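Just below sit the structures, each encoded as structure tokens.
Look at the two complexes coming up: subunit A is in both, with subunit B in one and subunit C in the other.
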Partner chain A sequence: MSEVASARAAGQSPVIRVADLHKRHGELEVLRGITLEVQRGDVAVIIGPSGGGKSTFLRCLNGLERFDEGRVTIHGTTLLPQMERSLEARALREVRAHVGMVFQQFHLFPHMTVLENIVEAPIHVAHVPPEEARTRARTLLERVGLAAKAERRPGVLSGGEQQRVAIARALAMNPEVILFDEPTSSLDPRMTGEVLSVMSDLAQEGLTMLVVTHAMAFARKAAKHVHVFHEGRVVESGPPEQVLEDPRERVTREFLRLAWG
Partner chain B sequence: MSAPEKAGRKARPRRTSSRVLSTTLKYLCSASAFLISGILLAVIGYFVSIGGSAINWQLFSELPQARGMEGYPGGMLNAILGTCVLLVLASVVGIPVGILTGIFLSEYGSESRIAAPARFVCDVLAGVPSIVVGILGYELLVVPIGHYNGYAGAFALAIVMIPIVARSTEEMLRLVPNTIREASIALGATRAHTIMKVVLPAATGGVVTGVMLAMARVASETAPLLFTALGSRLLTLDPSQPLPSLTVHIFNQATGPYREEQTQAWAGMLILILLVFVLNLAVRFSLRKSTLKLG
Partner chain C sequence: MERALGIDIVCAPPNARDGGRAIRSILRILVCLTLACAAARADTLAQIVQRGSFVWGADQEGGGLYAFLDAVDPSQPRGCDVDLAQALARELTREFGRPIEARFAQGQWDKLPELLETGRIDLVLNGFEWMPERAQRMRSTIPYYVFELQLLVRADAGASGWDWLRTRPAKRVGVLGGSAAERYLAEHEPGLELVSYDGSTNAMGDVASGRLDATLQDLPIAIYYRRNFPSLEPAGELVGAGRYVIYVRRTDAALCDALDRAIRSLRADGTLEAIYTRYDCWNAAQLTSPLLELPRADVQDSRSGAGESSFLARHASTLLQAAGMTVLLSLASFPLAIALGILVALGRRYGPRWVSWPLGVYVEVLRGTPLMLQLFVLFYVLPNAGLRLDALLAAVLGLAINYSAYEAEIYRAGLQAVPPGQMEAALALGMSQRLALRRIVLPQAVRIVIPATTNDFIALFKDTSVCSVITVVELTKSYNIAAMNNPADVLPLAVLAGLLYLAMSYPLSLLSSRLEARLRR
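On to the complex of A and B.
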């Protein structure tokens, strides 16, 4: 029995279910029929050569990009390529209420303090009382080791600190799942370590995470499943010990040889 | 001689010429910056030397007096207050309409067919001589009402203001990185919320600078007011009546036959420049902490 089937048999339903996802930029087909599931509490890692469609895939999941064919179901809400405008808006609101996203370049609001960055969405989107949102934001900042930087502007923080603020900002909305789009790619090794440590803690706490990364050590340590993307397709999937230690596909072997150096 | 040495010798003249070009450009840019600062200082200096002697408390506290009357030439209190009323009324219409137009062009323009024509109209409107706008105000708000009035003046100034505010707002919003919009959307915010709470505040400094430029421009307009608000020697804040303004007062004094009045016109110009200068400094000072450094 496959892992997905076992999960279903055990009564688990996937938080993310993607079926036959296609995305085109003009003539170029960026995603060519991606099918993938992520179970609640799992950490799924997506690896693969640049240009393979990894980031585009994540952006399609929370509606930052439209897709051309297929179906995305997140926490019971389905996104389709051709949806009536009001239905699509409602579906996207639902999806984004359950999905947080952490970007490669942090994308913090530069005109707000760290604390304001974190409370902005809870107060204005989730309508949490401001005092409650601020208390929770301070707790989250403590959790990512940045309690002392609450009143600073993002511009004066290091890259690693900014990324940890971005993680706290995503967590502030109590998401079911967080999508990480190469969260350490623009960081030096020390900052990468800081961010991966926070992510590992979240993984241990059972947060569902879908992570696009080149950090193989993190994938081996934290992931339950590793998916290899190449030219818009999932060329290989499986547990990290199989995909990273004993890859079946030539593309995966080649990528890992370069990734491990 | 090895190939790298040959390549080095060939590359040297190019490096020298690009260094000369770089230095020349740097000095040309610096010279232009000094020139423009020098022009501003020269203009202010000239106004101070001629009109400075006429600046006194009476200028700000008294009404103009006719020749032969006690206290001649009097002050320009009515003109200063009238300008404030006209500026406030024009801003109440011009700033929100201009900013909303700028938001439309920047944030919704890519998906709307009317964005390109609207942008073109803004550019044309910004280039229309202000006297034409004055005639429009005359036709729309002076003729139907039956007499010159402040509302017509404020309307004409608002029409001058709108394209300046709209285009500067659009440009400033376009400078806000798209990634910030995406981050907000990804957090579940609506587009309207993203614009009002994230994009616009991030561009506040630039948008306000555009508004200040527009206010400075209309504060120094004379032609549209000659056809609309006309001017008055009385102290009045009622926009339904002919309303005095600094620029029209300066125009009347400067074209008058007497030296005292002409000197007062220079003082009026100096006050106008200082008003704009102080307003700019005050806004920049108050916004210095809350503004995203763009670029």
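On to the complex of A and C.
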């Protein structure tokens, strides 16, 4: 847990700084000028109706999608819309070295065991000695409650277990921040609980997280800031008690009414 | 009819009547058909006279002066055999007082006896030499032409003849597969390395290009084709006299006698001389050679006692050796095909436009043209551009390049079948695209395409037989050669060759399904 503690110790500086981000799919403007910061050690939650650009925004942050205007600065490295190829490659390498990502569909590597999934990037990207990588991977598996499944293939695990492995896989690279893209949306309530409890633990330990989710209870409990996305814009931002309980915008109120059921 | 065929309607139990009737009808039809065929076989001459034509089989490919495509009118074959067939038709017309015409049928040269036996042609007339084995299997007319064998070498080789050839380091001599030249050399010149070709001109071309030291050809062929190969010249004395005859089916004694009469008459009235003078191959031997008459007794007795050693002993080792070549070709070319295919697939899926587009053309061209043509280009055309490949190398390369197109398509589909999330997850972990492909995407694609590639491996394994067109002697070619020279053993040889193919491909199937099971864990 020391790496998380050290991240918190670095104090108040934004890990993620996004200015006026625009993204178009042909005619459709998916993101229309997003400006947003995430401070070190903070948990930021993005909510909002489907199609509001939440996932696209997240994928722009680690270069899985290109954007058309604006800038993204992560841990001192800046991504711009039109970069020269080699510069872009270097910037993406820098950014991805500091940003982990957890996907809705887990995307574990099916041809590897759970342990191999976790040590793959440390060994082949960060060039950690294999033995050291495996020891750390076992520690991480213990932390997400799956030490017994190290030698299994992902295919035989439940969805909740797979998502916890995916979190361990992201943690293995010691990221400054982890992006969660609807991590519990394809899980049933019991498995959702398992995953959210792991995420809450990480939040308490001070890991910087940016989470796109519909799990309002988690947002209420773990988030420092909540951002509401609607039609490619941030319509409302603030601490969870304000945004979730006393929303200013009509869009937020409507969304929350539907989300709470 | 029923009684004649020994089928008793009354005896059929009532409940089986309908089924019984159907079976009886089928039986009746089969019996009638068989009888009709037997009748047809019994007297081909009568049939020929009645339908007013006979069908003669020959091969226009590398067809020498015998039968070849007319440059002006490709719809009609030309050649001395064509002229002879027409002259024979005129003779038969005169003898039987009814119009009889000669109809040409194209057939692969070494398969003409099979075409004859299966009734697709009435006679084989294509520079076929009289041989005891053939004369046992088919009925031979008297010779219509006697010939000798001429050695051809490159003019600049400074060659003086047979002694020169025997001192060459490689001593490679090209011959037409199953020809008199092949038999002569095998019998009389055991020190030489024989390379068997499907066409005479290919062998001559390979002498010109330096791949062979010499080629031994029937004299008429040597004379006729020399104008196409100005760099070749005849060397050494003529050897191994032989006779061209017409073959008919074993049972067609009447047709054979009629043809004998016609040949004698054509020789007597100067028609043969006129025909062969047109092709520069007439000589005095055609009237005086002792070979011109063929004692019938000779035909029957010539092979008694020969080849009594056991069938397996005679052929097993030759076929096994050829099977080894088949395995070598497969094992050498397929890994190469896969490696090439993967590169092409990656280039097409992930490469920039200037890479993916030409690769698309590569795949379409190689998939859209026959393997045989590609092998021909590699082996016979490339030497003109100064690149002379050894036959085995050309075969391995040809198979590998041809199959790489199929593997590329299979792998492209395999790469597409790996969910895009796998690549994204790998990139998000900081992998470069190249590392992600190597460690994450490709291993999954390999698992997906294993059944398809196994299938292709077995297909390639069988396609190695095509390599015989560029003189590689693999299992099918070896079978062909053996069958040619041992007509009586065709069936057991075919079974043996088939069993050898199965014995090799079945373990491959087993191996691949085990591999599949292991990777699917």
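Criterion: the second predicted complex is superposed on the first by the 250 of 261 C-alpha atoms of A that agree within 3 Å, B and C clash if a C-alpha of one lies under 4 Å from a C-alpha of the other, contacts with A are read in each partner's own complex, and residues count from 1 in each chain.
Convention: contacts are C-beta pairs under 8 Å (C-beta built on N, C-alpha and C of every residue); 3 or more make two chains touch, one makes a residue touch a chain.
Everything numeric here is computed off the predicted structure, so don't read it as measured data.
Chemist: Could you check whether subunit B and subunit C clash or fit when both are placed on subunit A?
Modeler: Pair status: clash.
Chemist: Look at A:A217 in the shared chain and tell me whether it touches subunit B only, subunit C only, both, or neither; answer first, second, both or neither.
Modeler: Neither partner.
Chemist: After the superposition on A, what does A:L64 contact: first (subunit B), second (subunit C), both or neither?
Modeler: Both partners, subunit B and subunit C.
Chemist: Could you say whether A:R96 touches subunit B, subunit C, both of them, or neither, answering first, second, both or neither?
Modeler: Touch partners of A:R96: subunit B and subunit C.
Chemist: Which partner does A:H107 reach: the first (subunit B), the second (subunit C), both, or neither?
Modeler: The answer is both, since A:H107 touches subunit B and subunit C.
Chemist: Classify the contacts of A:L87 with the two partner chains as first (subunit B alone), second (subunit C alone), both, or neither.
Modeler: Neither partner.
Chemist: Where does A:V156 make contact in the superposed view: on subunit B (first), on subunit C (second), on both, or on neither?
Modeler: Neither partner.
Chemist: Looking at subunit A, which of its residues have contacts with both subunit B and subunit C?
Modeler: The answer is residues 62-64, 93, 96-97, 100-101, 103, 105, 107-111, 120-121, 124-126, 169-170, 173 of subunit A.
Chemist: Taking the complex as given, what residues does subunit A use to touch subunit B?
Modeler: Residues 62-64, 93, 96-97, 100-101, 103, 105, 107-111, 120-121, 124-126, 155, 169-170, 173 of subunit A touch subunit B in their complex.
Chemist: Write out the stretch or stretches of subunit A touching subunit C in their complex.
Modeler: Of all residues in subunit A, those touching subunit C are 62-64, 93, 96-97, 99-101, 103, 105, 107-111, 120-121, 124-126, 153, 169-170, 173.
Chemist: In their shared complex, at which residues does subunit C touch subunit A?
Modeler: The touching residues are 419, 421-422, 424-432, 435, 439-440, 443-444, 447, 519, 521.
Chemist: Which residues of subunit B touch subunit A once you look at their complex with the stated criterion?
Modeler: Subunit B residues touching subunit A: 179-180, 182-189, 193, 197-198, 201-202, 204, 290-293.
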